[in-house]
Amino acid sequence: MNIKALLKSLLLRKFTTGLLILQLAITLGLLINSAILALDTNEKLAQKTGLDAENILIVSLQPTSGNYRDLDYFRSIVSEDLQTLHKLPGVESVSLVNQLPINRRGMLGNVYDLDDPESVRKDKYLQDVKIFLTNEELGKTLALALVEGRFLTKDDELDFGSEKNGNVLITESLKKALYGEGSALGQETNNGRVVGVVKDIMLDPTIPIDKQYGVFGNRVMEYVFTGRNYLLKVTAGHIDKVRNQVSDTILAVQPERDIYRVITMAEHLQRFYRHDKGLAQLFLMLCGLMIFVTAISSYAYSQFHISRQKKFIGIRRALGARKKDILLYVLTENWLVYSIGCVLGLGMALAFNILLSQYISLSKPDMMLFLLASAVIFVAGTLATLIPAIKTSNIPPVIATRTV
Amino acid sequence: MLKMNNISRIYQSDTIQTHALRDFSLNVKAGEFVAVTGPSGSGKSTFLNVAGLLDNFDRGQYELDGVSVQGLKDDELSRLRNEKIGFIFQNYNLIPDYSIFDNVDMPLRYRGFSASERKRRVEEALEKVGLASRLKYLPSQLSGGQQQRVAIARALAGEPKILLADEPTGNLDSLMARQVMEILHDLNKGGATIIMVTHDPDQAREVSRNVQVIDGQLADFRIYAPLDRSTGKTVSAAVKEEMADA
Amino acid sequence: MRSNSMFAYNLSLAMQSFKRAPTLYFLIMLTLSIGVGVLCANLALVNSMASDPIPEKSDKLIHISMNTWPGDQPPDEPMHILRYRDAMKIAESDIPKRSAVFYASGVYARDVDSTSMKRFDSTVRATTPGFFKLTNAPFAYGSAFEKSRGMEVVIGDDLNQKIFAGKNSVGKTLELDGELLTIVGVLKPWVLRPLFYHVTEGRAFNLTDDIYAPLETAIDLGWSIHARSSSADNYSGVEDTRDKNAYYLQAWVELDDIHQRSAMQSYLDNYSQQLKDAGEHPLATRNELHNVNEWLTEKKVVDQKVLAFTIASVLFLAVCIFNASSLLLSRFHAAKFEVGLRRALGASNRQMLMQGLTESVLLGLFTGAIALVLSWLFLKLSVQFLPRLANIAVLEPKLLVLGMLLALVTSIASALYPLYRANRYTISAELK
């Protein structure tokens, strides 16, 4: 195949070739960035949460009646809820928390060692540490991994109006921020005395993985009105059964509650990234449309040039080109266009990536992705031009002796 | 070299059947220069298309250089065209986007020659027609006669067994036509077998054998004595002179 | 008359042309209308998000951000939420025509006379009475409450539909988290897109509230804060916040002109200076006034994801135009004999151009019609993918017009080069 001559003949139809190349480049640019968005989202969804997300059920609810303004009443109902839920077959443990892991803001507070209040100035993440009000079951429910010390116990629970800060669990990254490599046990923070350190779990996916600062205190009974979420650790395989029973179980204890969400921790993670996923899906849909449109263009482009080249194809055939030579010739011509389009597309992908990153966060394109996306373009383009190419190879050689 | 026996070629449309060739028989020996004449519509173009394996035929036998062509597959026909036949068309049929070199080179590529072999052959062929210095020109930068000489070079480069020329001087003025004819005669003297379709009785008279097609059949056999060529010059010498004039 | 019949002739030629190559024209229409449809759906979203929710006085309504945090590490600087005493300082000022100080809460509501115990989850705006006139809230029945304290509420149309089937419910009593409050006003259906008075915490496209309650009463009743709050002190409940450094109130004022605006600014700055002088606030004074549109811009109300997708759809439309262009080029090429013939028979360049343009305008109209249907579809689809946008996915009439115009422009744009090429085919070359 005479590539140089091919290139030259492409140059002679700058406009149509240019249009197609531009289309291919834009399509590739979008394809790459859409793939990046989709991959980014998948990566986010696949990141380690440190939680047995499939087997933790979240029940979010809110009392609807004024009776709950009586906090003793509130507390008695909650205690009964906890006991009743625990008795459900398949439920291993139940706890109550004011907020969920894997969330953007929530209840935040600054945390520092009482001897070193200035530390908050050095690490801005110490200003917005997640403060979990919960009960002694949390360690078991979330299957937290103890690094040192112990979990919270019933004895750590604080009563209404307590002046004390009580005992707290902290996450490992918070321990490192406050106490470095040393032990944190027995240290006094502004939020309480550290009795245990647990391995990090994903508290807020929008902040760095090593800044997942969290404090857990046994105080949800003290501020019982903040306890909006029951967490249930369920034996593997029982999740659906439990899910179907929880609402009725809770309402049987006391009906004046609005149970507005029953989902697993895994679904909660999905929900958190729902809009990222939605955007990626929108982009992929647009890509599909774009590939479709570009395929039509490739088809039209081939068709157009073949109609103009009929005579020359005939001459080639007369001079001894076989059908497959012609097929290869036409396809090579297209492939050459796609190659140029893809090379330009790389630039387009980078430019588009920069443009998009003004509005949303996304990773940089990599070579592998570029090659894959190019392969998609090649396959789609080749499929689209196969019919005109085959038609061309069927042009009879006798055309050569016809005078126009 | 070329043996046609009772060849028929019928064009079928919805209402009428046209016998473009009817029991057409012709035997051309190696080294012959045959002129095919006939009124338009007589079937001489069809004859050339069939002879050049560009078109198939409906009945009869056709043997080219010892190869019986009926029943051959499309690829085999392509191969035969490429190796055994050199085409010279009335309107040259050069590819306008290609340089002279690339045009002559094109059929050689389908032959699968190596790059150096192709280069040697292209240059040799262009040398023969006196255009070795114009490798990089586009066809549009050449005169009609020169373009036809490029086409002849393209036909020669593959060292074919037989040259098929379809009104090779039809689009040329008389001076250019003469130069082209001289090249063909020289090639014939060098041993090439040539079949030329022409409507010019003078050209027909110059060649070793003249056949006429009327109504799809071979009408007549007349053998003329080759015209006495007084100049005695070789072709390339004549061409060099022309170039010096230009 | 001649031009008129010429137009009719061109029109019939265009129709013939469509009939001669239906697949090709169908593909052109399809690709262009998909391109226009996708972009139009996006622009509808952007339009909803970027529109001015209260054009009659958006330049006069001012949101106030202040910096009064008692420590030297405020959560934000300045803060869009204020503590009670700062907000009251604004409310008591004579400079603005009116002001609104509020926070968002939520209660469960039922008609106290109803036999059903079903309680409806209702969003609450706990506010000073100035809110209604300031936001031009439309009343269907009754009127606003007049004081910041009192067991009275105004309810929105949605809740009135749910509890009272849309009837005049003024005078009825609601049970709200165990407390009894009387309805004094009912609003008409009220759409604010964006919900300018509360655009923070991702609420810009929420619906207007269900219940509007007097601020002091809501605080007294301890109705919890359902939006962002920051506190430098511990407090047990909202009722405990009035004299604490608890920041949760938003303040809007209505200022008639630029003088009032600067007066308000110095009023606030003076107040901050007093705090500073008293040693209650260590940082530099930083009070900011934003009118509605400034505030919407400041808070980046337009969803960035949608903007990103809009860029992609603009590119997509470009691809569609290129595609249509190359399709038309091959169509015109196929018809170049006819063009040559017409030219030879005396059609001027201009007439050929008119014929081509008539064809593209006709094509554009068909495309526009399909595009509008598609944009409605894509809008539904976008909401499937980005449910947060459900409340703003509306195709306003001006978007329909825009879609139609876009279709026409793209159709003509894609025909420009092919037409230019077609008119350059020489007469002789085609009729040889």
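The chains carry the letters A, B and C, assigned in the order they are written, with residues numbered from 1 in each.
Going forward, a residue touches a chain if its C-beta (ideal position, glycine included) is under 8 Å from a C-beta of that chain, and two chains touch if they have at least 3 such contacts.
Everything numeric here is computed off the predicted structure, so don't read it as measured data.
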Worksheet item: With chain centres set to the mean of the C-alpha atoms, which chain is at the far end from chain B?
Response: C
Item to complete: Return the chain label for which the distance between chain Cα mean and whole-protein Cα mean is smallest.
Response: A
Worksheet item: So, what's the distance in Å between the C-alpha centres of chain C and chain A?
Response: 27
Item to complete: Can you check how far apart chain B and chain C are, centre to centre, with Cα atoms defining each centre and the answer in Å?
Response: 76
Worksheet entry | chain A and chain B: spacing of chain centres that average the CA atoms, whole Å | 70
Item to complete: Going by the contact rule at the top, pick out the chain B residues touching chain A in the complex.
Response: 45, 48-49, 52-55, 74-75, 78-79, 81-83, 87, 89-91, 93, 95, 97-99, 102, 105-107, 109-111, 154, 158, 166
Discussion item. Quick check on the complex: what are the chain C residues that touch chain A?
Written reply: 27, 31, 34-35, 38, 73, 75, 108, 117, 119, 121, 175, 177-179, 222, 224, 228, 236, 304-305, 307-309, 311-313, 315-316, 318-320, 322-323, 325-327, 329-330, 333-334, 381-382, 384-388, 417, 421, 432
Worksheet item: What residues of chain A sit close enough to touch chain B in their complex?
Response: 1-2, 5, 8-9, 12, 311-312, 315-325, 396-398, 400-401, 403
Response to the item:
Residue positions on chain A within touch of chain C in the complex are 15-16, 19-20, 22-23, 26-27, 29-30, 33-34, 62, 64-69, 105, 110, 120-121, 127-128, 161, 225, 255-256, 258, 260, 274-275, 277-279, 281-283, 285-286, 289-290, 293-294, 296-297, 300-301, 303-304, 307-308, 352, 355-356, 359-360, 404
